[in-house]
Amino acid sequence: MSVQDIVKRCETLFEDLEFNAVKQWKAAHPGAKAIGYMPIYVPREIVHAAGMLPVGIFGGGDQLEVIQGDAYYQSYICRIPRSTIELGLTGKLDCLDGMLFPSICDVIRNLSGMWQIMFKDKYVKYFDLPQNYDDSTGGAFYVHEMQTLCGDLEKISNRKITDDDLRRSIAVYNENRRAIRELYAYRAQKPWQAPTSEVYLVLRAGAVLPPEEHTVLVRQYIGETDKEKRPQRDNARVVLTGSFCEQPPLGLIKSIEMAGCYVVDDDFQLCQSMLLDDVSLEKDPLQALSEAFLHRSAQTSSKYDEKKEDKGRHLLRQVKTRGAEGVIFAAASFCDPALLERPMLLEILAKHKVPYTAFKYAENTGQMAPIREQTGTFADSIKLWSAA
Amino acid sequence: MKTFIGIDLGSTTTKAVVMDERQTVLGRGITNSRSNYDTAATIAKQEALVAARFFLFRKTLSGAVDGDLDGFLAQLERDFRLEQYLEQLADLEQVCERNVATAKFGDAAAGVAAALKTLFSLLQKEAPALFAPGARRKSDFFRDIAGAQYLALGEQVAKDASVRYDMLLNVFDRSIIEVENRVYDASIKTHLLAALERAFVALPHTRAFSERIRKPIQSVLDTDMDETYVVGTGYGRARLPFSKEHIRSEILCHGLGAHVMYPDTATVLDIGGQDTKAIQVDRQGIVESFQMNDRCAAGCGRYLGYIADEMNMGLHELGPLAMKATKTVRINSTCTVFAGAELRDRLALGEKREDIMAGLHRAIVLRAMSILARSGGIRNEFTFTGGVAKNEAAVKALTDLVRENYGEMTLNINPDSIYTGALGAATFAWRAVMEEGKTAEAREKVAA
Amino acid sequence: MNTKTAAKKEVVKEDAMWLQKEMINRNYHEVATAREAGRKVSATFVPGNLNELLMCFDFARRLPETDALQNGLRKKSGKMIMDAERDGHSEDVCTYVKSDLGMMLQGQVGPTGEPMPHPDLLLLSYTGCFTFMKWFELVRQKYDCETVMLHVPYQGDGKISPAMRDYVVKQLKEKVIPTCERISGVKFDIDRLREYMKESVKAEENLVRVLQSAKHRPSPIDGYFGAVYYIGPMFTAFRGVADATRYYEVLWSEVEARIKEGKGPVTPEGDHPGEKYRLVVEGPPNWTSFRDFWKMFYDEGAVVVASTYSKVGGVYDFGFRHDASRPLESLAEYCLGCYTNLNFPQRIDMICRYMDEYQADGLLINSIKSCNSFSAGQLLILREVEKRTGKPAAFVESDLVDPRYFSAANIKNRLESYFQMIKQKRMAVAA
């Protein structure tokens, strides 16, 4: 498969709001279930260990007209919950047997309760991630939360999840995470070979494909694109952050690149890269997942920073290790986690003399011109005024 | 005779509806809302009462005029309007003369006064033409008609008289409000009778029936139309010119008015100048639930006004243009503030005007669909009111979206839907007396 | 009873109200003079307010939410919010946060005019609201305050599990209490906590009596606008304090007297003109136009008989009392049970129960732009409650403390339409 074919396949998966890939998987695995999860992070290993397919739900994007979903939300709330409800009410999520709502913000939190009321025949779980990072405290709570999830999935699938099942799944996702790390490293090295508008599609494929398949796909993409000679540009290298839940339209990502930026790091699909390295296979699997989350995971707004000095550390590290020249803070309109965090991060960036620019978007933003202008000006200013 | 009156003080226009004891609508009146709410309400009511008289003329005269009764009444009405206009014009001239004196024009004052005389005599002369059969006016409001004529003729008059045009305009601006706010109810009968004479002149063949006509008309004019109960509605005002007992919320009035027009209606959508209302009514026309979007004018009449301005088109031309679309351009926001920018953006991208228009109309309707969904959905029958209901592209977009999301449904659209609120208010007035036994208000007889 | 008449155009307040005002002012003074008195200052949130625990360490206690609402009532918050926005905070986020940050930018002058010291400890009681986390992170970032996180898990499944309770208790033992000890220099004495909690229970009993008095017809209290004053001491720095117990005794006796006399609630303009509509209200009130908003209700003869906001700092009317025999577990349960930590089905159940037990004519939702915790999904609450109770619900929109988001004309229009709707329905039923 050429790189164009791979990207085309990923684009088809990305645009398919009927989730045919999930339906096909279920048809190929009679009796198996699919469980949806919302941003930012759930331990998909557990769903996988139960013999189920974890499916990432990121709203309806810019191609979905929201008609019924708007009946549930006032205008000053972001779009992802209304388009997700739209997907649910129009039957597009019928192939899912359950939904997981991680603790990211109050809107998604409340949505879990609404889902319980609106879709009474589906399994719904609010997944509370710990804000205390002691293994014996937050860890114990988190392990218990994961045990509860295991128990619920066991009931649905009618089969036990053994420690071996969990370890096998952890290994699968370790491999997937490795592949994604390779992809990010490759992109940071040769961003012209891996434009983010393509990388994004490859990442999104991971929301609907089984992890084993996705891992292969990611590596295929790296391999194929490396064969092509793609033109290099004098673009500014930027880290894009803040887009961890409601996703920007593909057109927005393209616009940022067209305006003269190479996105060398991002937080679009944090679920896939939340855990920074391999989860141990040596210990109790839930314990291992807990420790990985508590001690070796990315920083993001929905996670408490225990120490003041911790704030922004991850972002600065991203800037440094990826050789970025600036940061674009792109937040969804009305997004409490992103917008409340923003002043703190921007202050830290300013202190470390990292140039930044910030704007808001909605998942169905149609006007790209202002974004191109702002991003273009930003890219120009980096190239003109930053020390070589 | 007993009459029940509803008055709806809207943001742009004030409407009134008069109905009789049998809930027959006798007449409707409309005037532009102005800073003096009492005046707006009074004038609208007057207009409605005049229309009621014409309604009664028609009833009593059927058979009295061989041939074209409609033609005769139309002539009568035109002549009545002419008489009204002439009186207001004369008043305007007086006020203008007075204002020249205080205008601080210095030496130019005398010249301006003379020019005014010339101008007004011209205006008086060409007034009848404005009300001739087939004459087309942009508006029926005195301020608009007089203003347009004043502007048109004033420039030449100023030139001929070597007087500054802007001074003439200044005098008009300072005088029009006073005249506009005058109430002419005492003159109505006089005007009608004078108009009758003009009508006989304009339609000589009717003079043969003048006796058969004069008596019924006089008897209608002499009928005391007792304003038994008045209910007012409208919001956003510090104070409505009615006592609390006589006010009903505009949402209730709108719901009831739609029910009176369409007794089987269950859901009502109103897209007004500045807000959108979705109302669910029960079998008696009482509101069960409602949602409004009144914090934001996106997708409302004003928004279309801005678009029309940007495109240099008339408001009524937007719909027909959109109907010519061959594809729908997706517009994601109908923010009035960015209307111009969004439009220019699309045009710059090479999109065709008609396709953009179609996209805009769909976006407006999508917004209305949200509010409808929040109010409880769309139930059969579905009534669509407000200025935007006259827009065929909006109606098409709405019909399509309703069918796609709620199934086949009866969609009711009435060209007179601007009177829905006033109709509901009048019905409340009727119910107050006829069903709830409220006492009719004591009225002082106004000398004819 | 005070006998100030409306004719004098003075605001009418009951004795209990004066008591309450005194307490609040005294507390602001204590906070303002804490440094001189050698005391440390703590700050925490109303949901999950561990007042009894903080008192064990002699903290002078601040609750930034109440600072914000007090500033809102005094019409000072608008400027503070704009200062915060100029300083880089988004227009989309919670106006309590912006009001607080704006107040700090201008020297942190409190609602009573005295400048307040920065807290020595931010007890980040992460209960029922995501924004709390960011609020204290922002304060910490700017002013270097020590912060301790208490993660109170959300009742996603509508119940408190042992694991959730143990988690909170463990955090109290391992993190919160040691940090309080270190900062205050006072050793933790669990018996002292027990005493405070026993005191709390007395106040809780009377508060519940007061809130439930609204089941009478006519209701002697307004369960939303009036209740805002009643919950004050309980939800803020006074639960467990003898003054608060006394306040609730006085309050209850006043309410009892009103019941005996068949009187309606007190309003700022005097006795309520007469109960015509009984409503349940969901959502926080607007503070910047509090009086105007209230007036729209009593002018129409509407009384709020029950509200969910009056449970935001703790749900006491369904049986919970602080239990001194298991102090830390009880504190955990208190936090876990606060209204905004309940899941949607629980919130809807509470509202439906209120509609029934308090014989309400309908539900009004005041949807607050700032507060996603309350607001996200209220439209579903509206429809579910209508479905389950068969009673009509209305929806108005405003904000907590940003005066730009209160449009009196819009709200009045919607309220009047709603009351007329109920009236018409009644007439139709009677016919």
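When the chains are written out, they are named A, B and C in that same order, and each has its own residue count from 1.
As a working rule, a residue touches a chain if its C-beta (ideal position, glycine included) is under 8 Å from a C-beta of that chain, and two chains touch if they have at least 3 such contacts.
Everything numeric in this text was worked out from a predicted model, so none of it was measured.
*Asks:* Quickly list, by label, the chains bordering both subunit B and subunit C.
*Replies:* Looking at subunit C and subunit B together, the chains touching each of them are A.
*Asks:* Look at all chain centres (mean of CA atoms) and spot the one farthest from the centre of subunit B.
*Replies:* Result for the farthest chain: A.
*Asks:* Averaging only over C-alpha atoms, locate the centres of subunit B and subunit C and give their separation in whole Å.
*Replies:* 48
*Asks:* What is the distance in Å between the mean C-alpha positions of subunit A and subunit C?
*Replies:* Taking the average C-alpha coordinate of subunit A and of subunit C, the gap between them is 36 Å.
*Asks:* Quick check: how many Å separate the C-alpha centres of subunit A and subunit B?
*Replies:* 55
*Asks:* Residues of subunit A touching 2+ other chains?
*Replies:* Residues 71 of subunit A touch two or more partner chains.
*Asks:* At which residue positions does subunit C touch at least two other chains?
*Replies:* 379, 397
*Asks:* By residue number and range, which residues of subunit B touch two or more other chains?
*Replies:* Where subunit B meets two or more other chains at a single residue, that happens at 295, 374.
*Asks:* Please name which positions on subunit A make contact with subunit C in the complex.
*Replies:* 71-74, 76-77, 81, 101, 103-107, 109-114, 116-118, 125-128, 130-132, 134, 136-138, 140-141, 144-145, 301-302, 304-306, 308, 311, 331, 333-337, 339-344, 346-347, 360
*Asks:* Could you pull out which subunit B residues touch subunit C in their complex?
*Replies:* Going by the criterion above, the answer is residues 235-237, 248-252, 282, 284, 286-292, 294-295, 374, 376, 436.
*Asks:* Quick check on the complex: what are the subunit B residues that touch subunit A?
*Replies:* 293, 295-296, 330-333, 338, 341-342, 345, 366, 369-370, 373-374, 377, 401, 405
*Asks:* List the residues on subunit C that touch subunit A in their complex, please.
*Replies:* For subunit C paired with subunit A, touching residues are 87-90, 92-94, 97, 124, 126, 129-131, 133-135, 137-138, 140-141, 144, 147, 149, 151, 153-154, 156-157, 163-164, 166-167, 170-171, 174-175, 343-345, 347-348, 367, 369, 372-373, 375-380, 384, 397.
*Asks:* If we count contacts the way the header does, which residues on subunit C are in touch with subunit B in the complex?
*Replies:* These residues of subunit C touch subunit B: 379, 383, 386, 392-393, 395, 397, 407, 409-410, 412-414, 416-417, 420-421, 424-425, 427-428.
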